[in-house]
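Heads up, there are several structures right after this.
Shared chain: chain A. Partners: chain B in the first complex, chain C in the second.
Let's look at the complex of A and B:
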């Protein structure tokens, strides 16, 4: 009995179709593969991938190796499990199957992020993202860890401004969505040592756009009473190659951030600070 | 010091704190982790970190009181010197994290705000919203990145620790590990190895832990000869959100900020929770424990919630056992400021706004109190001797354990907001001892290469054998599920000897079957299948130790609850008779402590754990009944008070060491 005007209860599918963009290793071609798993209530993309790993068979029954992917906390605080799901970059742990099939009952489409080198399948190498945190010296330059008493007094208003920025989990969604952040992928040369390969990557990363996450972290530490002691060093990085000037103001970053960090506010603050810094540097010469 | 290197395995709070301190002391560190260290499981810690503070001090609190609460909360199962040292360091740890830029919540005047947590009557807990672990981890991650950019720290992320390397004298001189991307296996020479690899929640299948918390690293040390301490002590957190892939934590801070746990008094009451009037709600924790209310220690809250659902039939959901955790009486703005992170998790995964509607929660496996056995050297005041290489060392010289993977700080039950403290404290405290150790030893890098080559060869043959085994018919994912189901049934909230025996036999069988795993991926590039299979195989030694430890402990203590060996509650209503019952209860309590106030020690014989007991160092605080003001237990408190007063009056009784350091 359905009361007039009320919606019919949504029918749950018994099977979930999944299309995964796979890649066997760096530099190898990508290919699509179809999988099918049994539907269960309260599933997320992680539990779908766990089932795919356990059955290791495509929907045609062909035996394949399990799909590789990265995950950690499964509650959207570690930043591991970023991928492109039905065309949108997001965390796969909080991508609930019930929501996804409402949008597209036919299938769920999983792809690796496109702005980072693929290691295998949905696993990508985000070391550039962490490297960029070094470029802006995203830390408080304390003397050391000996007991020197409490830190500086901080107002509630400042804490409430800084805490959201400090929740950045380095997931990379903002970089995937950014038109200015383009993929840098190097091939290891024959006979190249770990050290020289790492150095070459570092030099390449230093030329690329630093990204919204790093700009926001620079603003976080420039707002800290002790962090700001090296504010000029951060501004030097932000006004250099791949710095704030490379931002095209597309504002995609803030739209996709799973933690709703006010990235464009940080970028605007960084832009103003960069102008002031450049003027000061010019006149101080 | 030139040429000295330390290998730190695990980049959570403990591993990063140790790395930071070692680098500060000029030691080069190789930091190895299954995941980029910023993604370690410490990020999941929500509620906060404890210390006595300027405010609580003026209410009568001090470091000694924090120490006492921790020991009482742990049901006296800890060696006391390390716990005392930790409590006395706590204010310094929070000051340091504050200086590192942790965005702790602030009072209107700008001081660090505090909230109350379980097992104490003081507001000791500093917090950064409801993502305190994440914020503390990031602060240490940033400092380590700073040392990394200066060249003192080299990170090996996406590397799996396969085992320690021991020299001919049994000293740990490094480790073997595997790159999870290229699958390369290699050795790391190290003058000391620190294992800080967290808990083992995954042996229970689903828990509040991250997917990396398999306990495999600790298990590999155990299988190499390290002892385990108190493995049977597993914390089941009272409030978690049930889920298909994970049981997500709902922080104790929800209750610390005023959240109330209740069920309708009437079974199967189908009314919308907010329509149920106050007098028809059963606030069972508040009624039974008026002094501590919703903030009784976790083991007690968990048993009460379990009992309400399982034995009293008062679950609020007929299909999925749960009770209400209610925050709806607290203003939205305050909830968002202090608990935002966890409320978003509930909203995102349950689709219900917990500011409007009570949450539905149920207990879940959360923390391993037990772990690798570690040593300590006490100071004359009953704390730890700073700079002693004995602190935090396992029974294998040169191999250290810190954080959740050691057994040292939390006894039979951990108090909320003490884990972040124990991790950071042990990380900071261990470093000077390791520096002193290295002064007296030959550098591991000068040892003959053959020691390392042999260790690598062992791991390579294990790896190759797994890939080559195509005749087996066991699926590692399904074996893991079976293990999780078995462990959850037998070794969580309630334990029973017949059930433990049955589970032990079952797990032994699973262990044998796990040798016949056939892999669906036999490739040599980013093979997650083989890494997982090894982790599953290494879950069995730990699982068997948990079951054996529980089987041999015929008592109830903290999180370990055996109804068949629990003292009965007082029954008589006649005051004189009730007092006699209380006397008998206290006699039993003392007799039981003589038998079981011991640490469980397990060693590994190749197939099964070997069990023994080790006495506990209670030099500072005498054990006492752990009642938390339970209604109906007043007579026991009274009898115990009289006994301890008369014991103190006797000149031959052991003097309690005073609180001063």
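Let's look at the complex of A and C:
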């Protein structure tokens, strides 16, 4: 909604209070810390975080290590700056301070996402999100040693159905808000090599819920004329451990997706495809 | 898939099949049974004799205890056990994300837990769980349980509901029936997504409306049954039921069965030798 121009601008605060949930490293305890920065017009949470890092000082003057966070594109297309802002998961680059103080003038609350292992402060490790995309082979398999020629044409109707799904930026909002997607965090054992630690993580991730983003991407690539060559492999993953059946239809995913991807339609489509696939698998063998 | 897949728990390895069977069991037989059950009970509104007739029909099903276990208790136990497991796999966050669908997700789990307590108590209260004499005589009945007498259906029901001042049980049943009603109506909606019946937000909204209407209908049947029980004159009903029983026995429509009657035990000496039923 656009506010009418005639409306007198609300009095802006001169200072912004920020409460940050910090963590010094993987597996360490979390603690809240208060910071204060000068207000400037048109700030977003990233610019607030830049000021906080530059000050490296809490609101009561104690010197602290700079708060760490992640970002990339600064235009809500890479997903790397995702965090929980005032209790709701979203991108910090598109979280405008003027809007946030309208909702709560007292303070802005910043928290790392709760469903992924924290690396430091607001930085999290979302490798499980990407691992789950690999579980459903969310790609078009065209690697090979010979020229496959031009791909088949995609009808207008299919394009319109698929384009929204292709906008996913792997931000993880849908996973953060999902009650069925629970955190998996392993502790590195003393003397464990990178390889065996990674393997242990992959095995743990393989048992967890795959998540709305991966279900939706599986539907996107199963609708692609070349991608559908490995449709059965994707269905195998979706009907396996932590697949489509683990969804509990809370529909938070679709409510928080910043790209407004019709995730629950993808979930229902995947449910239908899984019904057909499992019947076919049972009766065709 | 991986080398340790044999070490995966049975549940995890068969997650898809188990969850689909859970979904199916919620619809048929458990959900379907619940509808038939509540509508049959609501027939008490039409009078003790109508209700008694329906109960006679149900009790003419051969091998009733077997049928009860295979199609009612068994599936409920399965659905409840798997339901608790499923509920444990999630972590509700309605406080943070106050969306209607998220509330429904939480309610589905809460009403599931209520349903367990309700159904177990309800079956114990009226049915007794087991038909063995020693169980009924030394456990269930001394506790005020196993109160229902199929051949004195309305009167024994009214008596059972009037224990404890006649208000505790009706409230207990009201809460239980409404919880089960929400659970089934919302469950039909989620099952439609699970199996891929309704796909788009629009069709899912239409399905929500349909399920809500269905819920109101089933809930009304449940409330009607409770109203009917509370307004039944137990003594008058018993006279009618005993007449109906006598006619049925004389007409060889039912076998005499004192277990299914209120005052069967006092009449043991009058009992005619049971005719051997020809199949």
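Note that the second predicted complex is superposed on the first by the 269 of 285 C-alpha atoms of A that agree within 3 Å, B and C clash if a C-alpha of one lies under 4 Å from a C-alpha of the other, contacts with A are read in each partner's own complex, and residues count from 1 in each chain.
Note that contacts are C-beta pairs under 8 Å (C-beta built on N, C-alpha and C of every residue); 3 or more make two chains touch, one makes a residue touch a chain.
Nothing here was measured: the structure is a model prediction, and the numbers come from that model.
Participant: Should chain B and chain C be called a clash or a fit once both complexes are overlaid on chain A?
Facilitator: They fit: once the shared chain is superposed, the two partners occupy separate space.
Participant: Could you work out the angle between chain B and chain C as seen from chain A, using CA centres and rounding to the nearest 10 degrees?
Facilitator: 160
Participant: Have a look at where A:246 lands relative to chain B and chain C in the superposition and call it first, second, both or neither.
Facilitator: second
Participant: A:267 contacts which: chain B (first), chain C (second), both, neither?
Facilitator: Once the two structures are laid over each other on A, A:267 reaches chain C alone.
Participant: Which one hits more chain A residues, chain B or chain C?
Facilitator: B
Participant: Going by the contact rule set out at the top, does A:40 touch chain B (first), chain C (second), both, or neither?
Facilitator: first
Participant: Could you tell me if A:130 is touching chain B, chain C, both of them or neither one (first, second, both, neither)?
Facilitator: A:130 sits against chain B, while chain C stays out of touch.
Participant: How many Å separate the nearest C-alpha atoms of chain B and chain C in the overlaid structures?
Facilitator: 14
Participant: Write out the stretch or stretches of chain B touching chain A in their complex.
Facilitator: That would be residues 20-21, 24, 35-36, 38-41, 43-44, 92, 95-96, 98-101, 103-108, 110-112, 128-129, 131, 134-135, 138-139, 142-143, 145-146, 148-149, 157, 181, 210-212, 243-246, 248-249, 337, 341, 345, 348-349, 428, 475, 477-478, 520-523, 525-529 of chain B.
Participant: Quick check: in the complex, which residue numbers of chain C touch chain A?
Facilitator: 1-2, 4, 8, 12-13, 15-17, 19-20, 86, 89-93, 96-97, 99, 101-102, 104-106, 108, 190, 193-201, 204
Participant: Which bits of chain A are touching chain C when the two form their complex?
Facilitator: 87-88, 177, 179-180, 182, 203, 206-207, 209, 239-246, 248-252, 254-256, 262, 264-265, 267-275, 278
Participant: Using the touch definition from the top, list the residues of chain A that touch chain B in their complex.
Facilitator: Touch residues, chain A against chain B: 24-25, 40-44, 46-47, 50, 53-54, 56, 63-66, 68, 70-80, 93-94, 96, 119-121, 123, 126-127, 130, 133-134, 137-142, 144-145, 147-151, 153-156, 159-160, 162-163, 166-167, 169-170, 221, 224, 226-227.
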